[in-house]
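Both complexes shown next keep subunit A, but they swap its partner, so subunit B is in the first and subunit C is in the second.
Right, the complex of A and B next:
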């Protein structure tokens, strides 16, 4: 049986196109210091550091944990580096939680980051692989045909993605940390933006951001040592499947469905739309909101787009299940950290600490991340109440 | 805390060049070997899978993703990855078992270093602003460490060569060795240095390949009815990245990890140490306080072949093999990462 654990501190940086004022070490330290301050703790209170980021080629630093140990107060302690593609931010949070849930550690710091301005992610994602055919397409080029297949199957109107793009940017405008601050964005503006990978327009895609996110996770007996409300970890799950296999369901991947079922079972959730108060879900391209609404069991298959269009996922419109109140990946995308930001923002909601993007009275929230060819999934459910 | 059993291990031959073999082709034979040892079919028969690899060895982002194709991950599996030696993947798997989310786990590590020039690739692991632009390669850094050791009288070129002679002799019994045989001290010392004071023979031969292991709870090992070794302790520690702030002739983090892993609670009959350079075996042996009653690197260690991202896991596997075969009752395994032994892991294995 997993030991009880809770998030007792959260720290983020501002998300921006370029953080020229800090090095990579400075960036991760900023998030870590913010998390420690939030938790009312110092470096000596931390037993281990779990770090995650997307491919090393994004910054050109091989296994950068080696270099970052000093900035993260880790000397003399265990440091683990997680890498599970785009889901890494979520996976890193789960691996950090497992340090405490296993009973082997009482309190750990976990940090994820990306400093995209020191790199070119499109290049790094498109380098020729020595042993396989490659696509010079980046992530958007990979996902566009899958989105088109979703549109074909569901008969969704062309503007569902536009609606998500507007909603998440309006949410982002409530979040002072968000990279994109577009409080006056309109559907027309999104529709008029350049088509990048049909049907994904420029404003329907995530930005490239610099930033880091950190959390302190503590065992039950240490939770009260931190001054602010904890976010209790109520369920944790990860799933993987191959990029390609005969009969693979790319629009609604089995790994995502299985992962959701696992995390809901642990948290006692049978009706996610009803029982959860909000969700932070990895939506890097607008159309992934309706697709994940279905994959995660919030809507029946083929019906996710109707839910989006009805305003059910909108904070501004008072929807019953707001998604990505922080602005989501569409507003800030330091890739390696993007999954952890979802996990941390879910925790902020149940701690009642989400400021202007708080869902009133939120008690139970989902954090979600995915990666690779929509084949790696990491999820957790956090709650205000101790299970 | 739940006791962990190691039930299977396999390592590939250490090849200087695995030719056209891709990730799946490197990994598959090792997975099939460990499944065979336990009587399992594929990764569906374990509760968790964790791997270790490094994108930069292959020169491609997400190189590990291809590894998933070797697993039979349909239906989807619980799987994770560390950008570290697979010894740390083992560590993550242990956490998973101890938190009650798995009873068994498959761990594997793989690398194809022949795709690039490893010492140069590893230079990009250094501080990206102050050190990496100097392209300070891993062999040069190790040479600097060796020089410090010589200057302090803690080693001589002769004692370093003795490490190599013994390792290569031990490797004669290791069917996967890339380099093995009887060599004389005089013959090794007659060679020129490549980066003074290191000779080529002081540097572990870099190998392509993979290794895999299966661990589980003791209850599961009994249920499977296979011989197992207890993994009675495991710990890892990292040190500062600033080489000027470390005593490079010592390995403080190895000692810390060994203490936390409980290495001193019994005799260490065998120690498999991940020492990619001869002088580092001397540092590690001293840091661990190993005496004449400990057999160091009976497999030849990585002097027989250094499978990047898998050698640490292989050290643990080598100790496991000796315990289940009844040769020894207790042993220690070590893994390292980062320049000049920056990050070290120690595992203690015992007979059941």
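Right, the complex of A and C next:
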């Protein structure tokens, strides 16, 4: 049986197109120091460090974890690097959580990052392959046909993605750390933005960001040593499946459904829309909100878009289940950190620490990440109440 | 299984990285440009060259720069008999751990020497600067031997000690970013199943493989079924007609690909196959492409056929009725009668 653990410190950087003032080490350091300060702790209070980032090709630093040990105070401690493509921020948090829930460690620091300005992440995701036609056009090129199939089978109107793109940017404008600050964005502006990978428009896609996110996870008996309210970890789950196999359900992947069912069971959730107060879900292209609403059981299959259009997921419109109050991946996307930001923002909500994007009285929240060809899933449920 | 040819292809993968140095490494590189070398003082008093941003023991942020000497002693080395193109010297040379005078920790650099026998622990060396330093570690072109040897523990005092008038971040002159392009060259050898596929497509034949357990046909084949995890070896020759499973219209150019946007990239399933692959669609109105549409390969002239999927230039629509969505990926090899 897993031991109780909680998030006692959270640190983020201000997400930006370029952080030319710091090295990669300086970037992760900033998030880690912020998390330690939030937790009222120092380097000596940490027993192990878990690092995550997306493919090394993004920055061209192979095994960056070995170069980051000084910056993260790893000397003499166990250190581990995690990689599960875009979901890595979530899976890194879960590896850190399991270090504590297993009883092996009392306090673990976990840090994820990406410094996308050092290269071109889109083409690092779409490298030419030997003996092949080079037709891979980035993550957007991969996901656009899947979104098109969702639109076909659900019969959703064309502007659902536009609605999400506006909502998440308005949320981002409430979050001073968010990369994109677009308080005056309009649906018309999104609709008029360039169609990059039809049906994905420029403003329906995530930005490229530099940034890092860190958390301190502590065992039950040490939680009270940190000054601020904890976010209790109520459920953790990961699932994966192959990228391509005959008959694979790409729109509503089985691994995502299984992962959600697992994390809800642990947290005692039978009706996520009703029981959760908010969710931070990995939505890098706006249409993934209605798709994941269905995959995660917030809406019946084919009905996710109706929920989005009703305003149920909107913080501004007082929806009953606000999604991505922080602005989400659509507002900030340091890829390796993007999943952890979802996990950390879910924790901030139940700690009552989300500032202008706080959901009033939030007690239970979902953090979600996905990666690869929508084949790796990582989720946790965090709560204000000790289970 | 039919014998496959052994197919190997030289391949380059590269990116033009631009690295932010941060204040500490930036200062080190800025100093190199002025033919000076700076280390940093660690929490225990040791001088580390090149400077570390954070203390390796205490994790404290470090900021006390110390100028060190331009001579030093070899701590250890290894001899490179046959330099490669990417090496800094094109004659035989040594990689060496060099403790500069005034430093407590050795740094790695190269040492020019006429013969391996000239190298020794304790051998004294001196910096040879590049003619035009630019703020890169290669501003130190190499080290040269002074022809003297000191005891292993001796570490003569360094240069001026405290770091005086260094350019600092924010100065126009300071180095803050460096170009760090990386190009990997390697030979890719196709496995048995892809090699067989490529050998056959060179003859204009599309060959997939059937899973012995689930009976699904994969093309291009990978030699195993990703769903069942079993080896596949039954070959299935497929026609060049396909159905559009989904698609996107791409508005941005692909690097090193001459195709001009907007172009249609479609997920296509060949008749008799159960998995899609992506390829170009052309000879069509982009706005009329749709899920379920029937298409056929347009091949390059036979004389241009090689071991590549782009023997097929693109797929074009054909005059056959659309395939209902629930039948896409499930058609027999004989195709779609409508």
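By definition in this document, the second predicted complex is superposed on the first by the 380 of 387 C-alpha atoms of A that agree within 3 Å, B and C clash if a C-alpha of one lies under 4 Å from a C-alpha of the other, contacts with A are read in each partner's own complex, and residues count from 1 in each chain.
The rule we apply is simple: contacts are C-beta pairs under 8 Å (C-beta built on N, C-alpha and C of every residue); 3 or more make two chains touch, one makes a residue touch a chain.
It should be emphasised that the depicted structure is a prediction, and the values quoted were computed from it without experimental measurement.
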Using the touch definition from the top, say if A:75 reaches subunit B (first), subunit C (second), both or neither. both
Applying the touch criterion given at the start, work out whether A:57 contacts subunit B, subunit C, both or neither, answering first, second, both or neither. both
With the two complexes superposed on chain A, say which partner A:364 touches: subunit B (first), subunit C (second), both, or neither. neither
Which of the two partners, first being subunit B and second being subunit C, lies in contact with A:83: first, second, both, or neither? first
Touch test for A:240: subunit B only (first), subunit C only (second), both, or neither? first
Now for A:212: first (subunit B), second (subunit C), both, or neither, which partner does it touch? neither
Of the partners subunit B and subunit C, which touch A:101 in the superposed model: first, second, both, neither? first
Examine A:146 and indicate which partner it touches, taking first as subunit B and second as subunit C; both and neither are also allowed. second
In the overlay, answer first, second, both or neither for which of subunit B and subunit C A:124 touches. both
Report, in rising order, the residues of subunit A that make contact with subunit B in one complex and with subunit C in the other. 23-24, 57, 59-60, 69-70, 75, 118, 124, 127-128, 130-132, 242-243, 245, 248
Can you list the residues on subunit A that touch subunit B in the complex? 1-3, 23-24, 54-70, 74-85, 91, 94-95, 98-99, 101-104, 118, 124-125, 127-132, 236-243, 245, 248, 253-255, 258-259, 372-373, 375-376
For the complex, which residues does subunit A have touching subunit C? 18-26, 29, 43, 57, 59-60, 69-73, 75, 115, 117-120, 123-124, 126-128, 130-138, 140-141, 144-146, 148-149, 152-153, 194-200, 242-248
Residues of subunit C defined as touching subunit A within the complex: 7, 9, 11, 13, 15-25, 52-59, 61, 169, 176-177, 180, 182, 188, 190, 194, 198, 211, 214, 216-218, 225-227, 245-252, 254-257, 262, 265-267, 274-275, 278-280, 291, 307-310, 325, 329
Complex contact set, residues of subunit B against subunit A: 1, 20, 22-23, 49, 54-56, 58-66, 68-69, 71, 73-84, 88, 91-92, 94-96, 98-101, 115, 121-122, 124-129, 132, 235-242, 252-253, 256, 337-339, 342-343
